[in-house]
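Look at the two complexes coming up: subunit A is in both, with subunit B in one and subunit C in the other.
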Partner chain A sequence: MKRLKSIAAYVFLVIAALISIYPFFWMVVSMTNRSVDVTGGRQLPGTYLMENLNNLFGQVDMVTALGNSTLVAVISTLLTMLLTSLAGYGFHVYRSRRKDIVFNVLLLSMMIPFAAIMIPLYRLFGRISQVAPWIGIDTLAAAFLPTLTTAFFIFFFRQNTGMFPEELIEASRLDGLSETGIFFRIYIPTMKTTYAAAAIIAFMNSWNNFLWPLIVLQSPAKKTVPLLISNLGSSYAPDYGMIMSAITIATLPTVFVFFLMQKHFVAGMTGSVKG
Partner chain B sequence: MENSLKKHRVGWFYIMIPVLAIALFYFYPMLDALLLSFRSGMGMNLEFVGLLNWKRLLSDPNFITALSNTLTYLVIQVPVMLVLAMLMSVLLNKESLKFRGLFRTAIFLPAVTSLVAYSVVFKYMFSPDGIINRFLMDLSLTDAPIFFLSDPFWSKVVIILAITWRWTGYNMIFYLSSLQNIDKSVYEAARVDGANAIQQFFKITMPMLKPIILFTTITSTIGTLQLFDEILNITDGGPGNATLSISKYIYDLSFKYTPDFGYAATVSYVIVIIVIILSAIQFKLAGEKE
Partner chain C sequence: MKKRLFIAILLLTMLLPACSGKKTETNADAGSAKGDGAGTGAGTTVTAWAWDPNFNIRALELAEEAYKGEIAVNLEIVENAQSDIVQRLNTALSSGTPKGLPNIVLIEDYRAQSFLKSYPDAFYPLTGHIDADDFANYKIEATSHDGEVYGLPFDTGVTGLYVRVDYLEAAGLTVGDMTNVTWQEYIAIGKQVKEATGKQMLSLNPNDFNFVRMMVQSAGQWYFEEDGSTPNLEHNEALKEIFRVYKAMLDADIVKLNSDWSQFVAAFNSGDVATVPTGNWITPSVKAEASQAGQWRVVSLPRLQTEGGLNVSNLGGSSWYVLNQDGKEAAAAFLADTFGSNVDFYNTLLADVGAIGTYKPGIAGDAFDQSDDFFGGQKIYSDFTSWMADIPAVNYGIHTYAIDDILKVEMQKYLKGEDLDTVMASAQAQAEMQLR
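Here is the complex of A and B:
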């Protein structure tokens, strides 16, 4: 009976794992095959990888999309790290009754569904366009500004600052370090793993973001990778080999980061709800 | 005294930018959406119409369809996914299990994909000449290909399968990390008292995981109510309106048809109201304060 149960558990997990992995396998294999072979059900690697990549970079503007996505992801991740860790630190280290109230109000924003605010946001950026066109509609800045400082990351850093030894702050003050000096020279180097976990999540959110960029980025020169893939996916006569190579390229960075830093990755996702 | 006042000011300075940004990009739009819901017109020319938009909701067949589709996804997909995630995490938490790390990594992997990328992959896998049909025909489960994406019933099934594929591993990780925090000696004691595996699960594991179950239920609910990327990229809301979600309908109202921001904002407030009601119910059921 016990044996049977254990076999059932393995069968279940093997099936679940295969279903989870199969789309990745199919995506990578299809990247190396012609469109006809993909629809023909070919499950083996082919010899058309270079041709598919040539089509992708020759026929559609994948280079621009990759550049835009990378630029947005890198800048927004760095700014998110700086601004939300400062705030999380501020809420914890300079704790006061009034700041706690502000913090609880900020947490409410996590319950706001994006769909409920996208139209007012679009109107807001329409107005911003008139005074500051460089961060208005159809600019890369507009694509990341609304999600730059989310309550999630402030909460995450505030929570993790609890692990930062209070004595270190006191000692640094006695050594004559300024409040800003303590943050930049002591806190940031000490909290490397927290920053790594948050950076992974911030990068992934930005890299995969779709709905808001779809609304706010309009000219072809501003398209990000998800927008490009969505466009390719809706074509009437899809070149499967080419589209699969675009999808594989879009998926690689996050899969790569995941395998490289699995521990930080999981800590970033689950860390904020513990405690 | 002067020193602590200075520190106080530094604190406010540190939190200032995010506080202003969240007020501007989250709370102000919430208020604006509410005000918009009492106005109507094309594009930016809006005039006050009172409760007209709210009345229009009740007689708008597209809205009713979008609402019932979204609730269908919610009621079927969220429980199925969370039960699967719970089952997997309990199995993966057994120390005697071989290849634990491998299973965990494989099952979590879908959670790192972009919603657009995986949606397009699913769209192609379920096309008439796609790999799923080929598989079903090879196994003689069907003679002719099933037109998954142009059938009102099957297209919904594909959407539900897709979301479940993408998010089960994600939720499983939350359960697993909580399970690992439960003290093993509690189970030892239960075993000594003669509790079997099922009793242990319902008497120890479930109560211990209550906060995290509540968390995953609420985030999954909010996520499903906002379903958009999959709908646009797998079915584009079709066939007809068979898979249309509320978020997709708001998008269509604002950016596909002649834009009516006032009415779109009204539809979007329905999501807010549902989120508030469901979260309140879930908190109540879980009997938690935080």
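Here is the complex of A and C:
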């Protein structure tokens, strides 16, 4: 009976796995087919991989877009983690009733959809452009500045700081470490796993971000990968083989970052923080 | 320790400008500087946004080559998806921050009125730069607002019915039997073809109202009264007839349903359907399947059996607009000298890009008289241009796509058996509520 149950479970899981992996399979297969074959629903690998890649790198500036996306994603991930973990740490460690009110207001900001603040934000960046053109409209900095400190990550770090033993802070203070020293030398190394989880999410958010970069980045040299892919599908006769190649390439970094961080992620789950 | 934090923050602030990279040289001097004529490439920089590298973008590149105006122009073409252009224009114009907007922008005709009405001062009138009478009548209607022409009409979406000769012959029919028919006759032929070949007659996407828009205009009607804002659905006889035809086609089982563009293209590339009623811009996609060469012909679109029902219509198409900011004179001069008056340029456009313009003097050249072996030697372009002259002019109004969304739901109700007048009344009520 027990065995029968586990067989059923495996069958179910295998089917679920196949269903979820199928779109990826089709994406990779379509990368090797002509556009006509892709629209025709061909499921087998073809021989047009090189042609699709040549078209992609020949017709559009994929290299620049990848460079822009990487630059934006890496810098914004690093800054996001530094700023939001400082805030989350502060809200938890130096807790007071007033700070809790501020924190609750901050949480409320999660309820506001981005589309609602988009136009005022664009206006703001229009003004910024006049005094500080290097971070104004049509700069890569403008693409990630508004998304650096989100309530979600501050909340995430504040909650996880609960796992951080207060005794460590007290011990460090007794030993004469300054408050910033405690954060950088005790807190960050201890909370590695939390940072890893946050980094995966922050990187994915930034890598896949579309709407705001679309509005704020205008010149072709500033395009990020999602913007470039959006363009590829815009013609009256789209080249699906080429589009699938671009999408496959665009997926790789996220996969890479996930597997890179997964080790820490898993380590965090098995409990590395000792009381 | 504090020192280290200070250094870290200092480093970060230095990083910020670094990622802004080298900017400004691109659009810093857009406009103002009058071209000095003699200089090569030292003229006014004019930025243009458009979509589709093989069509609109290519057309701009050809225009740049053909341009011989007095003001030296440095054209900078930026490729953007159409939806992305709409999003950017809306954000920038509604926030009153024109920075970064181009000088020339391509806008689809269905959306033009909403831009012209919502941002009245954002666009630069071209009335003095072009002669409106030179362009297809229906295009001028779409690009004008308050008596001024704001858009320079570009490509036509003149429609045709692409048909498979071999399938017709298998059913004992000829191309002549498909010419100048009504939709009822079309359905009858569809049944015959289905019986003889097992193939469906056409492919439709219930979630894409291209088909409905195309048919509405063929009767000289639209979703709105002539003012472009009062919904005209409940008593719109053409629209009701379209609903009936749509249902009749589904009942006759001659429709292969698709759910997106790639399936739509696949339906005719794989030979699953016998006809494709749509805009002429589908030609390259039809020709993409080279193995079907010689099997296709293009005939006029079937007509609706209502008052004013014609065998011609339009589907899509777009026009060039100049934004009312520095550099507008150069941009307008550039457009007027190329798309607005150059006859040879339109020949090149057709030969090179396959784009049929709407500039009447420009559509009579040699390129339009070429026969196409893929279509069995038919002179498809001269056919398309002759139909174009008869396209009824309608006011596309400002909410075409919003009405589309309402009608899609009502269409499904009708197909499930609700009364036609009831669903149209419901659509009318919703439209009046939403678009007040």
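We adopt the following convention: the second predicted complex is superposed on the first by the 235 of 275 C-alpha atoms of A that agree within 3 Å, B and C clash if a C-alpha of one lies under 4 Å from a C-alpha of the other, contacts with A are read in each partner's own complex, and residues count from 1 in each chain.
Methods note: a residue touches a chain if its C-beta (ideal position, glycine included) is under 8 Å from a C-beta of that chain, and two chains touch if they have at least 3 such contacts.
Note that the structure is predicted; figures quoted are calculated from it, not measured.
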Side-by-side fit of subunit B and subunit C on subunit A, or clash: clash
First, second, both or neither for A:P120, with subunit B first and subunit C second: both
Touching partner for A:F24 - first (subunit B), second (subunit C), both, neither: first
Contacts of A:A199 with subunit B and subunit C, given as first, second, both or neither: neither
More subunit A residues in contact - subunit B or subunit C: B
Contacts of A:S230 with subunit B and subunit C, given as first, second, both or neither: both
Touching partner for A:L106 - first (subunit B), second (subunit C), both, neither: first
Subunit B versus subunit C as contact partner of A:D138, first or second or both or neither: second
Partner chain in contact with A:L53 - subunit B first, subunit C second, else both or neither: neither
Which superposed partner A:T84 touches (first subunit B, second subunit C, both, neither): first
First, second, both or neither for A:M191, with subunit B first and subunit C second: neither
Residues on subunit A lying within both footprints (that of subunit B and that of subunit C): 38-39, 41, 118-120, 122-123, 126, 145, 180, 211, 215, 230, 233-234, 238, 240
Contact footprint of subunit B on subunit A as seen in their complex: 9, 12-13, 16-17, 19-21, 23-24, 26-27, 38-39, 41, 83-84, 86-87, 89-91, 93-94, 96, 99, 102, 106, 109, 111-124, 126, 145-151, 154, 179-180, 183, 204, 207-208, 210-211, 215, 225-226, 229-230, 232-234, 238, 240, 243-244, 247, 250-251, 254-255, 257-258, 262, 265-266, 269-270, 273-274
Touching residues on subunit C, where the partner in the complex is subunit A: 1-2, 4-5, 8, 12, 15-17, 19-21, 23-24, 26-27, 51-55, 78-84, 87-88, 91-92, 94-97, 99-100, 261-263, 265-266, 269-270, 281-282, 284-285, 288-289
Interface residues, subunit A side, partner subunit C - complex: 35-36, 38-41, 59, 71-72, 75, 79, 82, 118-120, 122-123, 125-126, 129, 133-142, 145, 177-178, 180-181, 184-185, 211, 214-215, 218-222, 227, 230-231, 233-238, 240
Subunit B residues within the subunit A interface of the complex: 6-8, 10-15, 17-19, 21-22, 24-30, 32-33, 36, 44, 84, 87-88, 91-92, 94, 97, 102-103, 105-125, 129-131, 134, 165, 169-170, 173-174, 177-178, 181, 212, 215, 222, 225-226, 228-229, 232-233, 236, 246-247, 250-251, 254-255, 261, 264-265, 268-269, 271-272, 275-276, 279
